[in-house]
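In the two complexes below, chain A is the common chain; its partner is chain B in one and chain C in the other.
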Partner chain A sequence: MQEAIISKAKQLLADGTVNRVIGWKKGEFAYDITPAIFESAEEIDAEFVYDDFTSANVSKYLVKESKKEGKILAFLKPCDTYSLNQLTKEHRVNRDNIYVVGIPSDGKLDAEKIKAKGITGIIGVERNGDTLKINTIYGEETMPVSEAMSNKCLSCKSKKHVTYDELIGEDGEVIESDRFDMVEKLENMTSQERYDFWKNELSKCIRCNACRNVCPACTCENCVFDNPDSGIQNKAASDSFEENMFHIIRAFHVAGRCTDCGECSRVCPQNIPLHLLNRKFIKDINSLYGEYQAGEDTTSRAPLNDYTQDDCEASIVHERGVE
Partner chain B sequence: MQRIGVFVCHCGTNIAATVDVKAVAEALSHESGVVISQEYQYMCSEAGQNLIKDSIKEYGLTGVVVCSCSPRMHENTFRKAAAAAGLNPYLVEIANIREQCSWIHKDIATATEKAIILGKAAIAKVHLNAPLTAGESPVAKRALVIGGGIAGIQTALDIAEAGFEVDIVEKEATIGGKMAQIDKTFPTLDCAACILTPKMVEASQNELITIHSYSEVSAVKGFVGNFTVTIKKKTRFVDETKCTGCGLCTEACPMKKVPNAFNLGLDNRSAIYIPFAQAVPKVATIDPNYCLKLKGGTVKEKVCGKCAAACTVGAINYHQQDEYIEQKYGAIIVATGFNPIKLDKYDEFAYNQCPDVVTSLELERLMNAAGPNGGTLLRPSDKTHPHKIVFVQCVGSRCDDSKGKPYCSKICCMYTAKHAMLIREKYPDTEVYVFYIDVRTPGKNFDEFYRRAVEQYNVHYIKGMVGKVTPKADGTIDVQASDLLSNEQLHIDADMVVLATAIEPDKTARPLATMLTTQMDTNDFFTEAHAKLRPVESATAGIFLSGACQGPKDIPETVAQASAAASKAIGLLVKNSITCNPCVAHSNELMCNGCSACEKVCPYGAITYQDKEFRMPDRTTAIRRVASVNPAVCQGCGACTVACPSGAMDLNGFSNSQIMAEVDAICK
Partner chain C sequence: MQVNDNKEFQPLIVAFCCNWCSYAGADLSGTNRLNYPTNVKIIRVPCSCRVNPMFILRAFQKGADGVILCGCHPGDCHYTSGNYFTRRRMTLLFSMLDFLGIERDRTRVEWVSAAEGAKFAATMNEFTEAVKKLGPNRRLEDLRCRKQ
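Let's turn to the complex of A and B:
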């Protein structure tokens, strides 16, 4: 796949379709693959990477990049295209300045899961059917692929590209996923159990803002948490659970706009399952206002920004105990 | 430093009986910024207002908090008092300690505690209040009346009488509404058409009144004094300016089997039709659902064109299209009226099984000289004289189940007495039974009228409900009922059954309410601004209510309300400009993402976007898409401020930080 992508990038640069490419390059370790901009074939040859660790969604970078001179080429996995569509809908990107090449994804790996098996010094991996061969500086190790798969890919919702100018490989379909299973589990807890669950999780937060910085729905010119007039701007937390408000407010701000790309949980250094907050909103919106997938298109009205006479009054539905 | 004055009102005992007002004034005097805290028996009185005015001058107040009734009652009073003392009126805040506190609590300690908290919240808010200045916007000197029944006609006539242009939009082919279908009117028994049609003619002849019949309102934009309304004139395939209403086309039309809507389907009309002889405008209309040529069946039918051939003035145009008119109005009066409910759910009355079970409105047509039988009361099934007629009251009214309506339809008791009396007068050999729950006859000369039916005309009034109506093979109808006073089960072999069907608002009212951003109750009746003191205004400025769209009404009440709505509209139209609400939204362009969330939720279309050049913090220049609010169109509802993800949108007088300050004060 990497060869196909690289040759496509070089071709589109050479024929002048685009003047830049957003892709990925290696970070300090083999498994921390980082988004990067390439302006020439030489740079691409030297550093471009697309492998099993290439998880990062580059859509958000296009908010700034698409406003620059000339077209930029972006390689988007199916889940990334939903983010780009949502940004297009909100007028945050200039879609005309982006050339999207859709690339397939058969699930990305989570290095933390491999490391948790006691496998360290990773220098590369090879997928062999269901078996993952891991090359380390200490020698070769193996483990099942499914155990190394990142969480967001395990509950993948779609293999379909919702926007693209060109595709590499075949397009997939929207797939049945079990993404709401854990939300249901939480819903079935008693309120005390649920409180304890979130207190335990959110108390780990070190407020590094990685979730906010990576989130493609968090593209505000000036975040409310940075706005002294909002009354909720950053300040030192008085106890370890105070950051819960940050996450709850953030979940509210992206409600109806979150495409469930899963980046928030992927980048969380404390492994907080932040995506569950967003999924709870998505599940509720689906059940109250009908199935809705943010980013599926660029024109539909989001349920929370729309009113129809058939709309239920969420609080009344809740009160009556009707699902 | 803020210098805030707090004024706690007793409202006689309305507040003081449940709230310890002295304790409230004392507690609030210790709040930060408060320099004077007083209580008084009636703050809204002249003396109370003077207390506020004098304190503003004496203490140099920068903000005023009045703990009193709902701001809907006296906010304006206190704002004016502040303005008279030289303080910007928008530096006054009301803490509602009556409707939201004293009236709903019984325990003095709890109510007092809550009143103090509400006062603290208002103080926290007034700390952040900014002086605001109201602008002015012009008033378009033209009114729109939606609905051309007796309510709409009366309203239009009164507005025109005052010298203003007024347009009537009527969805049917003629104005006249339900009253045109009614035979006689209670309690005087004069003919409905005889008193209605002169008004219809007057409306059509008045130079200031324009009637858009066969039309509907398709879009409403703007606000009080400045509405822009799009009216859809549905195609009638006839040129209104040419048609003389001679009726030759209706005779020529070969399609005669169209259920006649004016006679409620009790007889047939042609596909091209004039609803009734006195229709206004008297213009033919082609029903495209039945016209052979327009519907297009066989080749022979498609070439029909007989009406066009019969027309001597060339008014028929099969290619006519819907037309859209855009017009500015200062005021809009809703007069969409009512309809009898559908009786599909009332199988027990056999309405759908037996043609001789009819609704009261159908009976009006059956008895009307212009009706299907030329005024002779005949059974729809076999055209024979009925000799025994049973009236059933409250069909679908005063229902506690989901089949009917919870309210009393108000007019049924009187029109049933009228029907019974007319039948006994004209056909003395006919026995008439009326089954009722109660007979309700409040109104001038109403009870006398009902007593005449019972005492002079010997109508059998039986307290009790009809349980089951069963059509029998011999053509009679078995009516099974209970007589509650003698505690008997009755079986009556009736020839006809008349159902006093509940009335409900017209189905077009609900989507219209959405367009007008007015409120409705759960029964889809328009909600008045105040149930007692503002009964003909809606809560949306510039929208007035006329007739049964606001609640069940008889004709005299409808006409009275129609004139009242007209006088309210005239009061608006005589003004050259109105004061705008300065509590409108504004966008902080430096924070705006241009995401369009606010634009999508704005019910008034007040928000637009533009690409603007900005100097960015990193010293580059960027072109950004940002929202801007048209303050003349914004009504200050605040929907945009909630939708805005970045907090760029804020509302004057109700800023995000003010709301947060109130919440903080309450939660402290």
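Let's turn to the complex of A and C:
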């Protein structure tokens, strides 16, 4: 895949379709692949990477990049195309300035899961069917691929690209996923159990703001969390109220716009299952206002920008589920 | 939270009332000399959809034990559709609070028109009683704001 992507990038640069490419390069370690911009074939040859650890969604970078001079080439996995579509719908990107090449994805790996098995010093991995061969500085290790798969890919919702100018490989289908299972499990707990669950999770938050910064739906230039008068700007939450407030508001601000790309949970250094909050909103929206998948198209109205005269009343919350 | 002489728990209730219907409804219940608990502190807003989720959270932070939002009946909003948006927004917010384990009976939305003074008083009585039963808000309070 990497070769195909690199030669496509070089070809489009050479024929002048684009003047920049957004892709990925290696970070400090083999597994912290970071988004990067390339302007020439030489730079691409030297640094461009696309491998099993390349999970970063580059759509958000296009908010700024697409406003610059000339076209930019972006390689998007199926889930990333939903983010881009949503940004296009909200007029946050200039879609005409982006050349999208859709690339297939068979799931990305989570280095933390490999490390949790006691495997360290990772220098590379190789997938052989269901087994994963891991090269480390201490030698070779193996483990099942499924155990190293990142959470967001385990509950993948679609292998279909919703926007692209060109595809490498075959397009996939929207798939059935079990992404709401955990939400449902929580809904069936008592309110005290839920409270304890979240207190345990949210109290780990160090307010690094990574979840907000990475989110392709979070693109306001002036964010409530940066307001110096809000009393909650960029500092570690000093009590449980602030933890709750940050997470409720973060999730609420992307409600109806969150494509469930899973980036927020992926980047959280504290492994807080943030996607559960977003999925709760998605699940509620689906059940109360009709099925809605953010980013699926660029014309439909977002559920919170819309209403019908016979929407349910808020009291529905008091009537259903477990107290 | 306030504690009166016989030590019965007195909740602090914040009621956001839209200017055009519910606030006038509260007024009417006053001029009709209907009783509603003094626990209720009314905050007037131009329209129910002026209330953003942060307002509700802030009220809890500053010591409210229950928060109720009142607006015009659906279809009667002074700005045509404000309360329809409020309805979706608050449904999702309350559902999220419930999901986080915050007692669902501490929040409510009620439509009260300017002619419904009696409904306003009845709603406030009922809501205050319900919150009284739950006791002080502990799950969504800011310890630094607690008044002892």
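As a convention for this text, the second predicted complex is superposed on the first by the 300 of 323 C-alpha atoms of A that agree within 3 Å, B and C clash if a C-alpha of one lies under 4 Å from a C-alpha of the other, contacts with A are read in each partner's own complex, and residues count from 1 in each chain.
The rule we apply is simple: contacts are C-beta pairs under 8 Å (C-beta built on N, C-alpha and C of every residue); 3 or more make two chains touch, one makes a residue touch a chain.
Note that this is a predicted model, so its numbers are computed, not measured.
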| Does the chain A-based superposition show chain B and chain C clashing or fitting? | clash
| Per-residue contact with chain A, leading partner among chain C and chain B | C
| query | In the superposed arrangement, does A:Lys185 touch chain B (first), chain C (second), both or neither? | reply | neither
| task | Examine A:Val224 and indicate which partner it touches, taking first as chain B and second as chain C; both and neither are also allowed. | result | both
| request: Using the touch definition from the top, say if A:His91 reaches chain B (first), chain C (second), both or neither. | output: first
| said: In the overlaid three-chain picture, which partner chain does A:Lys67 touch, first (chain B) or second (chain C), both, or neither? | reply: first
| Just chain B (first), just chain C (second), both, or neither: which does A:Ser238 touch? | second
| task | In the overlay, answer first, second, both or neither for which of chain B and chain C A:Ala251 touches. | result | second
| Looking at the overlay, what does A:Phe197 touch: chain B (first), chain C (second), both, or neither? | second
| message | Running through the overlay: 24-32, 96-104 or 132-140 are the candidate stretches of chain C; which one clashes with chain B? | response | 24-32
| query | Same chain A residues contacting chain B and chain C, which ones? | reply | 224, 305-307, 309
| request: In the complex, go through chain A and note every residue touching chain B. | output: 67, 90-92, 219-224, 227, 229-231, 253-254, 257, 301, 305-307, 309
| field | Residue ranges of chain B touching chain A (in the complex, touch as defined) | value | 510-511, 514, 590-597, 600-601, 609, 622-625, 643, 645-648, 656-657, 660-661, 664
| note | The chain A residues in contact with chain C across the complex are 186-187, 191-199, 224, 238-239, 241-242, 244-245, 248-249, 251-252, 255, 277, 280-281, 284-285, 288-289, 303-309, 311-318, 321, 323
| Complex contact set, residues of chain C against chain A | 53-54, 57, 60-61, 74-75, 81, 84-85, 87-105, 108-109, 139-144
